[in-house]
Each structure stands twice: as structure tokens, then as C-alpha cells.
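Each of the next two complexes has chain A plus one more chain, namely chain B in the first and chain C in the second.
Here is the complex of A and B:
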């Protein structure tokens, strides 16, 4: 079996970052309070920035461009995990996804940072330096929700729903690590479930894909600002 | 959301510059305050360091009594225009 290409390794990560960035940005203007609005919007921008850096590396290998990879592919060529596709405009569900995603992402980024390919290891290390703050943000919200009965109930409810999706962010071999990290952090057992894996498309992704690609499609020759 | 507290944020633009008041943020606790201060006052490279001060730690003074109108203690207490003109005449450096 040939070694996986950079596109094989980085495109699922790039697509996750692009789509989770879009989903997080849907809170801009309506987050629970002003400071959180600024912080969560900034995280969304960071994720999309990571996506761009990753697409640029993949584009070089494929002879394409970052914009073409981000916006010109049909929906069923995106490799993003179902977790990031979901649209859940409920703050507890958003924090549950944030915690699941950031925990899974930390595991994935750590393994990429140990890659033999210096380009892959380099981009993973650069992304990780920003993800530190995303994890701090997820951690403090997690503690905040766990500190009250109402918060804990809402979070647990959202985690129960999203846990199969969280598992699906990682390859099979790394899922036990995610379970261990989360069970320890949440001080609760997580159920044995069938993971929601890449290649599956949630119905709401179509709407996002349509909106996300609309400017590109309206100016096929390339928009100039 | 439970009650938030206010932190006054000071920022230093570059090493050696004085800390200056940048604004304030509301946050439920110190961890949130730190994250929010980073995002609002540090992510554009506009700060070299931040200070976060709980508003309760700020001692405010806003009463300055001057019952006897001791205006000679104030910078606007003297009109020096006339005296400056006289001094310039003596020195022979009258302008215009």
C-alpha cells in the first residue's frame, strides 16, 4: 500500500476546520453576551485560517488553489466529519461540540506533529499554538456548565446526542484515547455507540455548502475586493 | 448566565511604553476575563502586555475641594501673556 499523500492526511482536517469555523461563526451577533460573541467569532476566524493554511499545502500537491479546494468542490467530495456539519443553535450543544471537537483535534494534531513529513509536522505545530487558546476556552465553559445542576443536565443531554459524532472525528485507532480523555474529564462513562464517520452527510450540510459557495459561484472568474 | 463582574483592562503597546487604560470587559470569573481580554485587546498584535484589574480594586477619587479658589495652584492660574510680551521687549526679541 502506498504511503498516504498529504491530501489524504490533511484534507479531512482542513474540511473539519473550515466547516466548524463556519458553524461557530453562526453565533456571531447572537452569542450569550458581548465578550463571548467576540471570543467565539475569533475562534471561528482562527479555524478558517487553519483551513486556509492546510488547503494551501494540499493545493500545491494537487496543482489546485486553496479557494478552489474550499469552495469549488461538490458537497460529496468534502471529507469533514459529521460532527462539524451539524447545526445546533443551542449554547449547551455548541459547547458540547466545542469540547468534543477540541479534545479530538488535540489528539489528532499531536499525532500529526510527530509526522515524518516536516511539512505536515510543521503545520500541525503551528495550528496547535493557536488551538491552546481554543482548548482553554472550551475548558472554562465546560467547568462553567458542570458547576450548576441545570448546566450539567443540558451539557449531559447534548453530549449524549453528540458522542457518536465526536468519535467519528478520529480514525478507529485513536477513538479509545478520546474516550479515556473525556470520561476522565467529565467524570462519567460514555456509552458504546456506533461512530458517525466521515463520508456521511448530515442534511443541514447542503444548506451550508450552498451558502458558503454562493459568492464563488456568482463570480466564477474570481471575485476581487 | 450568572452575574458577571467587570475588569478594567490596561495595555502596553510596546516594551518600555506606559500601561494605558484600554477599556473594560464583563466576565463571570477570572478565567473568562483572561480569554476575553486576549481576544479584545491582544489578538491584533496591538499589545505587548495586558493588566487586568477587578473594578472593585480601583479606588476612585472624584471630589477635589477648592473652597478658597486657590487658582494660583492651577496651570491656568496665571495670565503670562502680558508678562511674556514685556520680557521679550526687554530682550529685544519681539515677534512680528
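Here is the complex of A and C:
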């Protein structure tokens, strides 16, 4: 069996980062308070920056460009996990997804940073330096919500609902690690569920894809401003 | 078309780049910030290597253009290469750059230790206010106006300030 290409390894990550960045940016201007406007906007900017750097590596291998990979593919060629596709404008669900995504992402990035391919290992290490702050932000919110009964109830409800999606971010072999990390942090068991894996498309993704690619489609020769 | 070979030396190019202000924090230069990671003159052709701070830094294109323009004014055509495969760390900010940041009210980043920074360190550690020098400061927000900065508040002089993140 041939070794997986860089595209095989990095495209799912790039697509996750692009789409989760987009979802995070949906809080810009309307988060519950100003600090969170700034935080989610900043995280979005980082995630989309990671996506760009990853697409550039993949584009070199495929003879394409970062923009073409981000915007010109039909929806069913995106490899993003269903977790990032969901659009949940509820604060507890937002924090639950943030916690699930950042915890799963840390596991994935750590394994990529140990890759034999220096390009893959290098970009993973770079991304991780920035992700450290996203994880701290998720931690902080987790502590804050767990500190009150109402917060804990809402968070638990959202986490249980999104748990199959969280599992689906990772390959099968790494899912137990995610379960262990979260069960320890939450001090409770998470349900046994069927993971929502890549290749499944949530209806919200079509809407996002349509909006995200609209400028590109309106100016096929390239938009300039 | 091959660019005209330059007579500039690498030292002269470093000097020229040290005059270019950072687009977002103009008190320090691109050289102070440590994003210019290599300058090379080979047979009169100029190569400049730029290693961005954060991968999503929107100032990257402005930096690339500014470098090309500064060197063009000196008659050199530069090939500016952006290296995202290299790590940039806040430890690359020069001592002079750190001093300029502090003087302008930005707390310079703490040196990076072997392990990544933690929330406990940011919440409980000692961070010095660039205005009054007190370390009685608290974390207000992990994120700030640009990806590279956090917001803190000084309990002593009651001023908010921006803290460069350690990465």
C-alpha cells in the first residue's frame, strides 16, 4: 500500500480549520460580550490562517492553489468533520464544540508533529504554538460554565448532543484518547455512541459553502480590492 | 527579464530592512520583530526570507510589499520568500525591539520556556505593567486587537495594557 500523500493527511485538517474558522467568525459583532467578540474573531483569524498555510502545502503537491482548494471544490469534495459544519448559535453549544474541537485537534496535531515528513511535522509544530491559546480559551470557558449548576447543565446537555460529532474529528484509533481526556476533565462518563464521521454532510454546510464561495464565483478571474 | 545585479552588500540590506516599520506596531522594525530570517546576495540577486509571526497575520502582504519597495528604492529587485515551514517564536524579537515595545506601552513577551505557556501562568504569573512597572496585573482577555497580543489590566496604576503573547 502506498504511503498516504500530504493531501490525504493535511486536507481534512485544512478543511476543518477553514470551516471552524468560518463558524467562529459568525460570533464577530454579536458575541455575548465584547471580550468574546474579540476572542472568537481572533481564533477565527488564526484557524483560517492555518487553513491557508495547509492548503499551500497541499496545492504544491497537487499543482493547484490555496484559493482554488478553499473555494473551487464542489461541496462533496470537502473533507471537514461534521462537528465543524454545524451552525449552533447558542453559547453553551458554541463552548461545547470549542472544547470538543480543540481537545481533538490537540491530539491530532501532536501526532502530526511527530510525522517523519519534515514538512508535515514543521507546519504542525507551528500551528500548535498558536493553538495553545485556543485551548486555554476553551479551558477557561469550561471552568466558568462548570462553576455554576445552570452552566454545568447547559454545557452537559450540549456536550452530550455533540459528543458523536467530537469523536468524528479523529481517526478511530485516536478516539479513546479523546474520551479519556474529556471524561477526566469533566469528571463523568460520556455516552457510547456512533461517531459522526467525515464524508457525512450536514445541511448547514451547503449554506455555508454557497456563501463562502460567492465572491469567488462572482469574479472567476479573481477578485481584487 | 533578469533583474539588474545589485552592488548592495548583505549588511546594507539588513540596514535598509531595519528602517521598515512593522505595519501594525510601527514603533518596531521588521528586523526588530525578528521576521526577517535571512538575507542573501548571490551574484547580485537579492533574496529575503520572511517568517511570519502568526500564520493568519494579515500584515504579511504589507510587509512583503514594503520590503520590495524599500529595496527597489535602492535599485535592487528582491525576491521575498515567505517561509511558513519555519517556526517564528517571540524569542526572535531583538533586545532593542523589546525595549521599543515596552516604551510604547506594549509589554514584551516573556521568554519561551521549553513548555508552552499555560492558563495558570497567565492568570497567576507575574507580568509587568509597561506604564508603571508594577507586577500587580491581571489577565483581561487572552485575545487582543491582533493575534499576537493579549489584554491585561494593571491594578496599581489602573491602566489596561497589551501584552505580547509568548509563542
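We take it that the second predicted complex is superposed on the first by the 225 of 225 C-alpha atoms of A that agree within 3 Å, B and C clash if a C-alpha of one lies under 4 Å from a C-alpha of the other, contacts with A are read in each partner's own complex, and residues count from 1 in each chain.
Operating definition for what follows: a contact is a pair of C-beta atoms (placed from the backbone, for glycine too) under 8 Å apart; a residue touches a chain by one contact, two chains touch by 3 or more.
Computed from a predicted structure; not experimentally measured.
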Open item on the list: Let's test your reading of the overlay: on chain A, do chain B and chain C clash or fit side by side?
Closed with: clash
Open item on the list: Quick check for you: in the superposed arrangement, does A:122 touch first (chain B), second (chain C), both or neither?
Closed with: second
- [ ] Using the touch definition from the top, say if A:144 reaches chain B (first), chain C (second), both or neither.
- [x] first
TODO: Please name the chain, chain B or chain C, that touches the greater number of residues in chain A.
DONE: C
Open item on the list: Applying the document's definition of touch, where does A:35 land relative to chain B and chain C: first, second, both, or neither?
Closed with: both
Task: First, second, both or neither for A:69, with chain B first and chain C second - done: neither
Open item on the list: By the touch definition at the top of the document, which applies to A:49: first (chain B), second (chain C), both, or neither?
Closed with: second
Open item on the list: With both complexes superposed on chain A, which partner does A:130 reach: first (chain B), second (chain C), both or neither?
Closed with: second
- [ ] With chain B in view, single out which of the stretches 7-15, 61-69 or 133-141 of chain C clashes with it after superposition.
- [x] 133-141
Task: Those residues of chain A which chain B touches in one complex and chain C touches in the other - done: 35, 38-39, 42, 133, 136-137, 140
Task: chain A contact footprint on chain B (complex, rising order) - done: 1, 4, 25-28, 31-32, 35-36, 38-40, 43
Open item on the list: Touching residues of chain C toward chain A in the complex: what are they?
Closed with: 54-58, 84-89, 116-119, 122, 140-145, 147, 151, 165, 167
Task: Complex contacts: residues of chain A adjacent to chain B - done: 32-36, 38-39, 42, 133, 136-137, 140, 143-144
Task: Contacting residues of chain A [partner chain C, same complex] - done: 35, 38-39, 41-43, 45-50, 52-53, 56, 119, 122-123, 125-130, 132-133, 136-137, 139-140
